Amino acid sequence: MDVTDMFSEMPFNDHLGIEVTEAADGRAVGHLELGTEHSSNPNRLVAHGGVAYALADTVGGAAVISANFTVTPTIDMRIDYLSPATGGRLDAEAEVVRNGDSVAAVDIEVTDESGTTVATARGTYKTGGGNGGSAWHSGDDEYTNGK
Amino acid sequence: MDVTDMFSEMPFNDHLGIEVTEAADGRAVGHLELGTEHSSNPNRLVAHGGVAYALADTVGGAAVISANFTVTPTIDMRIDYLSPATGGRLDAEAEVVRNGDSVAAVDIEVTDESGTTVATARGTYKTGGGNGGSAWHSGDDEYTNGK
Amino acid sequence: MDVTDMFSEMPFNDHLGIEVTEAADGRAVGHLELGTEHSSNPNRLVAHGGVAYALADTVGGAAVISANFTVTPTIDMRIDYLSPATGGRLDAEAEVVRNGDSVAAVDIEVTDESGTTVATARGTYKTGGGNGGSAWHSGDDEYTNGK
Amino acid sequence: MDVTDMFSEMPFNDHLGIEVTEAADGRAVGHLELGTEHSSNPNRLVAHGGVAYALADTVGGAAVISANFTVTPTIDMRIDYLSPATGGRLDAEAEVVRNGDSVAAVDIEVTDESGTTVATARGTYKTGGGNGGSAWHSGDDEYTNGK
């Protein structure tokens, strides 16, 4: 199973409609189609801040896992909202800007169909511990937060 | 309609099962019941990082709106994951720590049923512009990102 | 007095050796020469994390003020350290990526002489309130935190 | 040499007047006396944003090192400015809120003499790698960014 399949099989990504389409060499790409269920407004479609965040965190995690082939829980993330997302498709692209033994730094950009940047995010992810552990657990009880 | 009703009627909150139960004087409380749809793992329940984030952003926005009675888009937010969320209920409590003319700073803590802190978040929200505008728009096309 | 002069006259920038050399149209450039006083290590030169931060915050503020011609206090900032800074010159470049009525989002990159990225930062700055006020004060008691 | 001595001997802390007075069991306390050299304003004392940051990063690092007895470079930090610092003493208190095998999460609060919160910060620090390495280096070329 490749990385994109792994992310497509995650129940929360399925619940939100997030698809990861590329993940290789520390770079990943994904998207979702905005629907009424993503809105923070009952009268019209304006995406809740959690939608761009979930997409960013997912694609960021895919970028890290594509470089490290191990579980990569999110340690922390900052997101900045630059423009409202009001419909159509949201695309995200993530790039690992530093891949260390214990943590990776990742930049993510979320854009709408017009190419406008909706949000940018920067996250720190765990990159593994050599023994199949994660940031929060050791051993076989792995934790895949954010992915 | 009070603030808690407003947040319960947001389609994305409904999609995730987020309920805001208290919102007054710059403090808000909310929760969700974790189900399989929130998981990042198809084999067992480990909440995706976007779940705690969406809850935190929502309850943080409710705290700001309870103090300002106007739309309060999220400008930026940082979330730190401290422990995995593996089932039961997630509770969030938000408090406005600085409420200015243009922006508010909000602290949010997300806990699980055992009282363990799952995540903490700190966000900057817009507090209005005097003319019914929002951080990203002016006039009547208000934007309620993150709420 | 242009923007670069204003920043050069700030006592803390002088104390650290920070110079802002360009500031126009929402973009600014600055640098400092690393000396032993910037080190976190008494035995060799490894810049304290506060050095890259102070440079980033300063150049970020210069970028915002170059676009808005008003005081621009820092509301919040995140910095990520990607590589140690061990000597020579640190350069920073800042760009306003969103300039709104009340806040601006700014990206800053700090590099060393070899072109390696030492740190990246993202800040939210106040952009003014129309009445000469700042994020924290109103009227003539202006506050220029971070600049 | 105990942890507080180690931090007092760091040249940049000396340059800024930062003293760490307590550091034990994942909690640290420090302060500095604001002088004209800390100001961002040539006409009166308003501390540059880099001052509270440098204090926060230092005391945060002291808290982590007090819990782990090893070099603890800062990976990332967010600071929020809540009130201007206009004179007297700035005090900071840091607490490790999660201390993991590879990273620690730390909360820091900076207050002025009146007890007003000037800034809050949240940082992620490296907690070691088992082989004397740091977040950025391995082996004996240890890096002590932020401390």
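List of remarks:
Chains: A, B, C and D, in written order; residue numbering restarts at 1 for each.
One rule holds for everything that comes next: a residue touches a chain if its C-beta (ideal position, glycine included) is under 8 Å from a C-beta of that chain, and two chains touch if they have at least 3 such contacts.
Since this is a predicted model, take the numbers as computed values, not measurements.
Of the two chain pairs examined here, B-C and A-B, it is A-B that is joined by more C-beta pairs in contact. Both chain C and chain D derive from one sequence, and where they touch, over half of the residue numbers involved are common to the two copies. Per-chain Cα centroids separate chain B from chain D by 29 Å. Distance from the chain A centre to the chain B centre is 19 Å, each centre being the mean of its Cα atoms. Each chain gets one centre point, the mean of its Cα atoms, and the points for chain B and chain C are 30 Å apart. Touching two or more other chains at once are residues 75-76, 78, 80, 83, 105, 122, 124, 135-136 of chain D. Chain contacts here are complete: no pair of chains fails to touch.
Against chain C, in their complex, chain B makes its touches with residues 75-76, 78, 100-103, 105, 122, 124, 126, 129, 133, 135-136, 138. Residues 78, 80, 82-83, 97-98, 105, 107, 117, 120, 122, 124 of chain A are the ones that touch chain C when the two sit in their complex. Every residue of chain B that touches chain A in the complex is listed here, in rising order: 9-16, 36-42, 46-51, 53-54, 57-58, 73-81, 83-84, 135-137, 143-147.
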